[in-house]
Structures are given as C-alpha cells and as structure tokens.
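Below is a structure I'd like to ask you about.
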Amino acid sequence: MSSHVELTEAGFDPAARLATFSASLGDEGAVVSFTGRARGKAKDGNAVGALVLETYRGVTLASMQAIAGDAHERFVITHSHVVHRAGRILPGEAIVFVATASPHRRAAFEAADYLMDRLKTEAVFWKREEHPDGASWIEPTAQDQADTVRWLQSEG
Amino acid sequence: MSSHVELTEAGFDPAARLATFSASLGDEGAVVSFTGRARGKAKDGNAVGALVLETYRGVTLASMQAIAGDAHERFVITHSHVVHRAGRILPGEAIVFVATASPHRRAAFEAADYLMDRLKTEAVFWKREEHPDGASWIEPTAQDQADTVRWLQSEG
Amino acid sequence: MAVVTSRIELCGRLADACGPFVDLALPVEGLPVPELISVLGEHFPALQDGLSKGRIRACINETIVPDEAIVLPGDIVALFPPVSGG
Amino acid sequence: MAVVTSRIELCGRLADACGPFVDLALPVEGLPVPELISVLGEHFPALQDGLSKGRIRACINETIVPDEAIVLPGDIVALFPPVSGG
C-alpha cells in the first residue's frame, strides 16, 4: 500500500507518472488515471494566457494529503498518486494528475473520481485565469459542488 | 473528434498510449485512462501462469468499435483510445487500455467507466487462465453484469 | 432430404470437447439457430454439456445473428459461448 | 484596551484590494474569527466587498480553524476565500 502526494511548481508529464505508478504496483488488476489540463479558453470563450494557482504554506499539501487519506480509508485501493501544480500554468499543461490502483475496477474508478471531486472543492488552492485584458478568479462551479456532495449522500 | 480502436497480439505500454493520446488533444481539460492488467493470482488464490484471450475473425474488433461508437454517442467526449490484447498475456502485462478526453471531468470519467463495463461483458473475447495444473475459462462475473446494467437503467 | 456438409467453428470453451471445428450435414434449405444447436448436440454428444451452459449465440458470415436466423450450407458459421472481455 | 499589531495574510482574491498582507491591532486576549473579519472590514473598507463574498475561513498557525477559534496576537493568521483546486 502506498500513497504519493506531491505539490510542484515545475511542469510534469502525466504519462511518465502513469509509467512510474504502474511500475510500483503488485498484482493489482485495475489502474485509473485522471489528468486535468489547463485550457486555452475560459468558460465564456475568452482566451486564457495562463492559469495561476496560489497556495498557502504547508496547508495546501496537508489538504491534499488528508483527501488522499480519506480515499484510502473509503475505497479498496492499494496505491494512489496525486500531483498538483502550483504557480503559472500554460494552456495544454497538466494541472493535476491522480492515479489509483485496486484489485477491483469499480473501486479504482470511484477512488479517482472521489479524489478529483474533493481536490476541486476542498484542496487549498486559489486559481485565476490571466486574460489579455486582466485576470479573473475561478471558484468551484455549482457542478463541482454537486459532484462532491454525491460522496456525502452515498456510502461507497 | 477521434476514436482509435485497436486489437493487438503484441504487448503495449499504457503510459506510452496515454502520452500519444494526450499529444493528440486540443483544448480538452479532462483525460481519464483505465488499464486492466493480467493478474498473477486467480480469484480462488491459485497462481495463474498466463491469461489467454481468444478472438473470432473481424467480429472481435467490430464489437469493440461498436462499443466505442456508443460511448461517443452517449457522452460528451471528443477523443477516445481503446486497445485490447489478444493471445497469451503474462501477469503484470496490460490486457486493455481505455482513454477518454472531454471538456468535462464527469463525462470523461463516465465514458471510460462505460467503455470498460461494456468491453468486459460484450466485446467478443473468450478468456482462460492457465494454471500449473490446467486451464479454466473465465466468464463475466455477476458484478460485471450488474455494472453493465447500470447504463441501461440511467440515461447519462 | 438433400444435405450439404458444413464446417462449424466452436469458440471459447465450446472447443474443449471436440476441437475448434466440427463438420455437420445441413439440409440445403438451412436450419434456424436453435435447431442447428440441437442437431449438433445429437451428432456430437461430447458437446451437449457445453451447448447447454449459458446462452450460445450464432455468428453467420461474421455477423452475430438473432435465434430466428437460418444457417445455410456455405455460410461461415461459428458458435459463441458467453464472451468475457478485458 | 491593550492591543498588539498583528500581520494578517490575505489569500486568493482577498489580496486584490490591499495586497497580500495587512497589519491590524488585536486585543491581547484575541478575537474570535467572525469579529476579526468584521474589524478588518472596518479598518480596510476596500476589503469589505471581498470579505462578504462566499464563506471566509481563517487559518491559524497553518491549521484551518472553526469560527469559534480565537485569533491571538503572535498567531500566524491567514484568511481564505473559497478554494478552487484542480
């Protein structure tokens, strides 16, 4: 059983992370990964030059670790890998990568889904989009909030 | 929009597939992947020397293509990538890899989940485990069947 | 009754008893799938067990067909036990 | 009333109005979080708007605290607007 949680200012390669993660596994049959990428267009269609993610001291990493711990407690997963960028991220670059491994397909999917829902709404980041004409702060959408609430309503 | 569906006797590297898939994307924000790996232990705990997957002519690939087509019709995904091994597969090797990309996290997760549920129960493969003392055929479990039925009950 | 010998491919565990191919005499007007399966079991008793476990589907000329389809001599025919991908 | 000047860090959009740090005089016995926020808004009217949008949480010495927590002079204090990961 292993849990890797990382906060980095540097760019990272999701495929290389999946390779490392897979190489670390034992006899697990199911591996799920999620990659969140910075988009070149905002929801309103305007161009985004960069995404900037702010953090706060050790609290950001601790919030990620707590979420990963909850995922291991809640789902039958043996390994997890969570990486989150901080700082300035260009369109197309990975913002967040999550991988989970389990003997069971369903548990691997649900744990990755759960990790992302909670990272989106509870990890300590503040995100702003830089446009040609300024910057705007992004907060979780109503959909993000609804996605997280799913896990409060069902047990498993 | 693109859909890659492949049946191969040769081993493949899921991480390399994720790299190729990611490089092919436009402005999609969400990428989900699933890897199914051959296990060294059967459900009853016995050692498995290899997994052998049989196919039938063009029908196996056609069944995979139909499932991928349904996923594109049902979910807001822009790209999908499905690779399935056939023949003799050793423990730890990848049997199946699925990747989906979407502007929306939920659609990417659901489409990958759906693809796997249907590949498990409807793609034309016959699977047997080779044990030290013989071989045994594997059929979808009650859980696999139940997973697929989920998609019949809900629309989206 | 005019008959033509046809080769039938047996997939997955159906090949365990008699190998992957068996030859069967089909009437020239063909047989619906359930009758083909029943005639096959009569000619190859070792197949009976496999043919009665789970739903067996027929594939004619590379298309999985419904039970009411007719298998004709000259068709490329295969019988599929339940599949198990991934 | 004895007061001690304390530095408060403003995170995310809260830093837009007055920058990421403001100094505030705190009574030596401290202030509960909602009062701290209210006093801050009085001293820095430009912050009022940001402080009233969404739920603002306080972080004391690197721990996010409930509203009933008391902010004391000397604490490392930050105010968090709603977060937005991933």
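The chains carry the letters A, B, C and D, assigned in the order they are written, with residues numbered from 1 in each.
Simple rule for what comes next: contacts are C-beta pairs under 8 Å (C-beta built on N, C-alpha and C of every residue); 3 or more make two chains touch, one makes a residue touch a chain.
Just so it is clear, the model here is predicted, and its values are computed rather than measured.
Excluding chain B leaves the other chains in the touching groups A, D | C.
Shared contact partners of chain B and chain D, listed by label, are A. When you average the Cα atoms of each chain and compare centres, the chain farthest from chain A turns out to be C.
Averaging Cα coordinates per chain places chain A and chain C 50 Å apart. Chain C and chain D have Cα centroids separated by 76 Å.
Here the CA centre of chain A is 28 Å from the CA centre of chain D.
Looking at chain C, one finds that none of its residues touch two or more other chains. Of all residues in chain A, those touching 2 or more other chains are 36, 116, 120, listed in ascending order. In this structure, the chains touch in the following pairs: A-B, A-D, B-C. By the touch criterion given at the top, residues 9, 11-13, 54, 59, 62-64, 78, 80-86 of chain D touch chain A in their complex. Residues 13-16, 18-19, 22, 25, 27-41, 91-92, 103, 105-106, 108-109, 112-113, 116, 120, 143, 147 of chain A touch chain B in their complex. Contact residues on chain A toward chain D in their complex (touch as defined above): 36, 54, 56-59, 62-63, 84, 95-96, 116, 119-128, 137-140.
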